[in-house]
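Okay, so subunit A shows up in both of these, paired with subunit B first and subunit C after.
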Partner chain A sequence: MEEVDVEPAVTNIPAASSGTHLGFAWGPGDILVYETLYKASGTGSGDIHEVRKDEDIYSPILRKLFNESHHIFVGLQTIREDLPSKNKKPQFVSISKNYRSVIRACMEELQQVSILLAIELIWNLCEVLFIDAAPAGSLLLHLLDWVRLHKADVDEKAREVLQSESPAEHRDYWDVPGGTQTLTEFDVKWRHWHEEVDRCLQDNSFASNKHLELICKILVGDEDTLLEHKDLLSTWYHFLVTRLLFCHPTVKPTELHYYAQSCLTMFLDSRSVPEPLDSILLAAFEFDIHQVIKDCSIALNNWWFVAHLTDLLDHCKLLQSHNLHFGSNLREFLLLEYASGLFTHHSLWQLAVDYFDHCPEFGRVYLELQIERVPLDTERKALKVLRICEQRQMSEQVRSICKIMAMRALRNNRLGSALSWSIRAKDAAFATLISERFLQDYCARGTFSDLDLIDNLGPAMLLSDRLTFLGKYREFHKLYGEKRFREASKLLLSLMTAKIAPRSFWMTLLTDALPLLEQKEVSHHIVRYAVYGQVLSL
Partner chain B sequence: RGSLQWESAAPAQYCLHCCWHIGVIIMFVARSIAADHKDLIHDVSYDFHGRRMATCSSDQSVKVWDKSENGEWHCTASWKTHSGSVWRVTWAHPEFGQVLASCSFDRTAAVWEEIVGESNDKQRGLSHWIKRTTLVDSRTSVTDVKFAPKHMGLMLTTCSADGVVRIYEAPDVMNLSQWSLQHEISCKLSCSCISWNPSSSRAHPAMFAVGSDDSNVTYGGKVQIYEYNENTRKYAKAETLMTVTDAVHDIAFAPNLGRSFHVLAIATKDVRIFKLVPMRKESTSTGPTKFEVQIVAQFDNHNSQVWRVSWNITSTLLASSGDDGCVRLWKANYMDNWKCTGILKGDGSPLTGSSGQPTAMSTVVGSSVQTSQNALNGMSAGRYFFPPLDPPRAGTRYGHLLPPSSLIEHCDAEPIQPQQQALPHRLSSRALLPLPEAEGQ
Partner chain C sequence: MESINAKYVSQKISKSRWRPVSHSSLQQADIFATGSWDNEDNKISFWSIGSHGSSGVEDGFEGDPQLLCEHKHDGDVLDLQFLDQDRIVTASSTGAVTIFRHHQNSQTISVSQQWARAHRYPSDNAPCTGVVCSSPEIVTVGEDGRIIVFRADQEGVIRVIDNADSSTIHAVTYLRTTEILTVNSIGQLKLWDLRQQSNSPSQILSLSGDRVPLHCVDRHPNQQHIVATGGQDGMLCVWDVRQGSTPFSLMEAHSAEMWEVHFHPTNPDHLFTCSEDGSLLHWETSSQSDIPSFLQGGRNSSMTSRSAMAPAGGNQSLINAWLSGDSSKGRLETTHMLPSQTLSVNSLDVLGQCLVCGTDGEAIFVNRQVPV
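Here is the complex of A and B:
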């Protein structure tokens, strides 16, 4: 497969076209561009331009496509590998039809000719040729359905003309092949009938009725006649299927591309040129799956189509004809591209996570890189991101996100929130720091803030010595408040002797101890402490 | 066959060009921000989450901008930072709070921290930044300033025209006024840029690359790679890229993505991408890692000097800026072949020449009716798949692709002038009303 060397797309920036450099800065989902001069002096000011990929992820209608196809995608990944392939094929066909019905649903909403029509056309053909792999006989039927489905603007008149001749003499023709007869039986009958009609045309049996003659010419697939009525067949692939219907109804899949190529050539007059869609369909008729994927990648500004189709084809084991590595790498490459594109969207990023999960080689590392960048606008969003990381044992990302939230809370003096994030981050150093702040606050104001949090630390208290002290010190205050002086003083003493009290706090502790001296049953403990404290401070 | 047919046809509307499986990079100017600096902007830097940005200028100031929910940028701080042109500005990782560093022609680098202000300031959308420290060790212009990867702590690196790389550390993250100079590395050549290897893998020690813009080609390699040695606790030179003999203006390690090798992009007289493959160390070896250096790609499309290179977040795209006044985007397909997939180019029509009113939206330059159709269709390229409804009117390339008038928005529906250039697919820039994002997260 030769590589096509093509010109890159040029995007114009409203900036000077000469005498200036363009500076840039990568952002999530965009690139900022501005006029500047490197290593030169100069004056000038200017604008900063936000340049983005022409992206569909911002379309509300396509959001439905992304959401629903995500659902189908995940379902596809979980199909059991150990099923024999004859059981899997109908499942794959069904999944293919699901994808297509999602496309059709979006098409209806968009209500105008759009890329989705082309996508559905291509996908449908791929389903017929590759996934369903219709053999000769039913192949034509499938192709007929395919064309009919997409021939939205078939001239009613033409249909009437074609249908008006359902005369007795042609009744045999309309028997559906593959019903009760074998392909060969049908073929024989059909040839016989074809020769009959041909003979009639040759000896001018229908000369008296021009209309009938025309119809018969069509029915035997007379190329010139068909081409004369090109306007009734607006596309070459309609022409192709029509011709096949009338000339080669038992066409084999391997023969398709001959007819496809010649029909395309015949249908286009010398003025028109084939469009990207044409080459994609031709590649499909040639069963060149990789060419189809390649051409679609080129023609579409969105990875959605190639990513999902390639994934499905990979599951059907159709991408392994070259070599294994090639096949699986291509699928993963496209899925990673698609999912990365979703990640820049404020809500669709959550869909992307599942795609990365099913990319065995690079999915995890891509997810790690990108999930860290999701803006943590609210606690709720941060918790959502965290849950995703925790489920996947991405401990470094968990720690980092919690640390960012803790830092943000601390800067805004929300000590309780900062402490709880530090605990979640298992960040002992930060927990210590925040505990110090709490204690300083207490010294300054005589009360604690965020009592709920401190009272319910539980085992998290053990994260750092200072935090343990904070928790226990608060407990001391509670006991004192409940007049449980004996327990309070015991706790106070243990705090002192366990050496987790910061030095700076000893005076405070002693001061706290003073009122306890009044209590007879505890006074001797306090006295002992006072001595102890004296000794230690030396 | 098919591919040859449509390639040679190349009518104007088939401007969906790209490389195999690389995909189309069709871009547009979504919005223009009047930066309001009084002189040249030298650097623009996004913060980690892409919600804030900092700009610095020859006007000696730094501005900080915040992006609101509807995507508009508001300047929330603007202050004089140095007594000379400010070359670079960079954000620390948000784990360390809201911290910026800047470097300047005035031979200093500085660290700034945002102070949570009074509530009425917040309501007015303003914030205050205060200087935490000035780093005055350099004898010459400080050409680059970068924070080291966060797993190394809060470490700042500068490089100067005097050829010295300095690495500072703030041991107490809560006290940003205390920085100590941990390493001073003399590179012997005037330095223009530094880049840290962002990888935090334990498989290899911390590493950074320095580029020199010394133009004397006889001095050999203009890119040096330094690596941290756990035993000596110092940085030692691991590699000099001897094939890079011209002045180097910018350098960038790619994000690692779990590879065993490193990828480095260099802006010199062309764009070069190197692969550095660590060679297996003998257990007795105490010196720095030896690398096998391979050149992966080399592009001279910018025609002369390349001034900046930078990777996007996933290292799937490299952008470069050069003397041809363009920004080029480079991408590898899954076979690791690199190609240019997009070009951003000034079209000769700057919107504002002076510090005008801050506007979030730019005025439309030229018309591009079908791109507004894109916005509403949600997808571009639909128009290329279907036979024309009417033959094109003379003089209008895209005449037959006009959507129904109800769908035409603010763009003037004047016909596009036929392009004079050979490139058949220059899309006019235009402003796009951001599509309403239906639900919040």
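Here is the complex of A and C:
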């Protein structure tokens, strides 16, 4: 068992009186806490407290994030596997950008600086390093974009400093690799230029102009000068990219982590400790994807970020598939955790279904267990849940839900609704139960209730013997009422002989036969009635 | 197909309706109302899609719908209709029927009138599933199988038909000013004449096959005997209520429940349906004859019909089309109007060239250039 990386967080329950002994029970996404009588001083409250770790899913703005990203997620799963990987990479980059734009849209709505800022920063870096996998040369450009995006105002000032002198040289400088020249060509030119600036500095040719000298020092990437202007570079990774820009513009991805580590160390005071964000970024620069995911999982209280990012990286075939102890791989584990969290939400549970669908090992089992817990307040909701179960051939859940709804309808005396649910589940036993109710009503009151239902059973009649009997028995009454005695009598006889009549009804059937005996057309049936009566009395 | 943008609204939309525009003013649709469901706090909201006539609108989706105002709603909004320019009536899962007034000047909403527990069981609430109005009369139906008639601005109910149905009534619509049509969960259409005092329907129609629950119904705007229904199996049925008791034609439309069907109010050769399977279909006929092809019954090259019985008696030319099996009397085209892979489309409304729909993916789609 791995050791815990961080101290567990302590949550105070303000409503509980201090000093009481608390009991608890785990829920799917929360803990129920109650005050016990053990060591109780005075009367404790009879309250149950619900402690939720993840408040994010209840934020209306973040709900947009969950819904939009669900859409992107489902689209990603349907990218065809057989395409060659070079065709897929632009698609993956585009999907990554879609995810990020969703994050940014939410960021704009949330007024205060939030965790989303850090999330987008990390995701963006992962996109540059892992998904786009920029090679040396364009790598720096991407990193520049990355930093610029996040430190827009700082960049403004830096640009002011840079553009105040020697525009021509700078223009050449920005004629960047990836354009018309190869990396080596650029490297040679750049070194040449760098040596020249360095020589100017050594010669003290700019000694007269302090500002120009300062600029030149920055341009050669003099560490001390850069560090002196720390306030302009508000973060160590901005410092890193700046330093790379001026010292090692053709940096290779594999060399990044050397510079990253040293920049982090140089930038931070000896007193300050790296924050979680810093270690995550460092792990990214070290191309340790698993460490990034692990650190993010711990630092964030919602699985959204790691689940979606890991899924995308898995599609890019960047995750080594090492199986976790409990049988599924990392991607599936994170998706299951995320989706399980969604399922606890009164509304977002519908999104979770698609996530479970794309977890091949355990997704179905999770869904089967969770879907039965969705509260069914209205028929409309029950129908939606049923549809989900039917589409996945979860026949047990279908029966169970239909039974719940049918029982509820029966309790409220909605026999037609109850029958409708039994038909959906093809539940013969319940159909029999409903028919019994009808027949009992008839016996009690002498008339049928809900004729609109019984007269119009249609093929549903065949669902259960009892139901068939009910339909046919009603038909008998109709025939009798229309004075079609011969047909009525024939039907009655067939009901008796077909053995679908319930025992309790046999006497009733015979009693119904009595008035028929007076009709001339059916006198030949008398003998058969007599035989039947004889059989009964035995 | 032009791209249609989703507006994510952080609530699952159960109903969306355009505010009616007066024909005289030639105004385009600009305001719509939505209701949410499955939230701990449900809401009704009014939205605006802004003014028309602005130039440079390439694909008709300039600007998102803007929220004007919203109001808390107790229970899921199971149906929503505009009573007039300022008031809407909602049907709630708590069994309540509520009239809300939209104050345009202050952009606020207030509860104008409410009948709480209009639909109920002896010991429980019963959701009110459908509402239709013809100001000032309001008719509602519910899971309790009741039909209730109200008048706006009058307390109490005007009329109740208890046990109108032994199963849940899913939707109601006006056939004529004094006749309504209901559909239920055992696949029956029932006509009710409100002038009669009896508590039985004047007519019952149903499919000859399985008793598939019906969820929605809409009447042809010009020909009052033509009615379209949709149900659990996603089939679109068109009925002629004057003749026979079985549908005229059946078309496979969706792979899951059809939640709403609407004839276009001014161009009834166009029909729109939306479904649990996440699709919204636009049906368009282009027949030579006056009668749209889906009213000609029987088989059509792009339809699959099940065992619908030929109607007894009735119009000779229609029966000929049926019997001759001629599939090219008219053409029927269907178009998907949404990108694939959306969650259930619960509701749609169309007015002029504007279409609005809401989904379980908490998104609203507005299309301002529906080709009608």
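The definition used in the following text is that the second predicted complex is superposed on the first by the 425 of 538 C-alpha atoms of A that agree within 3 Å, B and C clash if a C-alpha of one lies under 4 Å from a C-alpha of the other, contacts with A are read in each partner's own complex, and residues count from 1 in each chain.
Criterion: a residue touches a chain if its C-beta (ideal position, glycine included) is under 8 Å from a C-beta of that chain, and two chains touch if they have at least 3 such contacts.
Owing to the predicted nature of the structure, the values given are computational and were not obtained by experimental measurement.
Of the two partner chains, subunit B is the only one that A:279 touches; subunit C does not reach it. Which of subunit B and subunit C touches more residues of subunit A is settled by the count: it is B.
In the superposition on chain A, A:377 makes contact with both subunit B and subunit C. When the shared chain is aligned, no partner comes close enough to touch A:463: not subunit B, not subunit C. By the document's definition of touching, of the two partners only subunit B reaches A:32; subunit C does not.
Using the contact criterion defined above for the overlaid structures, shared-chain residue A:488 touches neither subunit B nor subunit C, since it reaches no partner. With both structures placed on the common chain, the touch criterion links A:452 to subunit C but leaves subunit B unconnected. By the touch criterion stated above, A:140 is placed in contact with neither subunit B nor subunit C. Shared-chain residue A:479: touches no atom of subunit B or subunit C. By the touch criterion defined above, A:347 lies against subunit B and subunit C together after alignment on the C-alpha atoms of chain A. In the superposition on chain A, subunit A positions 60-61, 63, 346-347, 377-378, 381, 412-413 are in contact with subunit B in one complex as well as with subunit C in the other. On the side of subunit A, the complex with subunit C involves touching residues 60-61, 63-64, 67-68, 70-71, 74-75, 78, 346-347, 350-351, 377-381, 383-384, 387, 391, 412-417, 419-420, 423, 449-450, 452-453, 456-460. Subunit A meets subunit B in the complex at residues 1-39, 41-54, 56, 58-63, 110, 112-118, 234-235, 272-280, 282-283, 291, 293-295, 297-303, 329-330, 333-334, 337, 340, 346-347, 362, 364-366, 369-370, 372-378, 381, 396, 400, 403-404, 407-408, 411-413, 433. By the touch rule above, subunit C contacts subunit A in their complex via residues 6, 8-12, 14, 37-40, 76, 78, 93, 121-124, 126-127, 129, 143-145, 163, 165-168, 184-186, 188, 190, 201, 204, 206-211, 213, 232, 256-257, 276, 341-344, 360-363.
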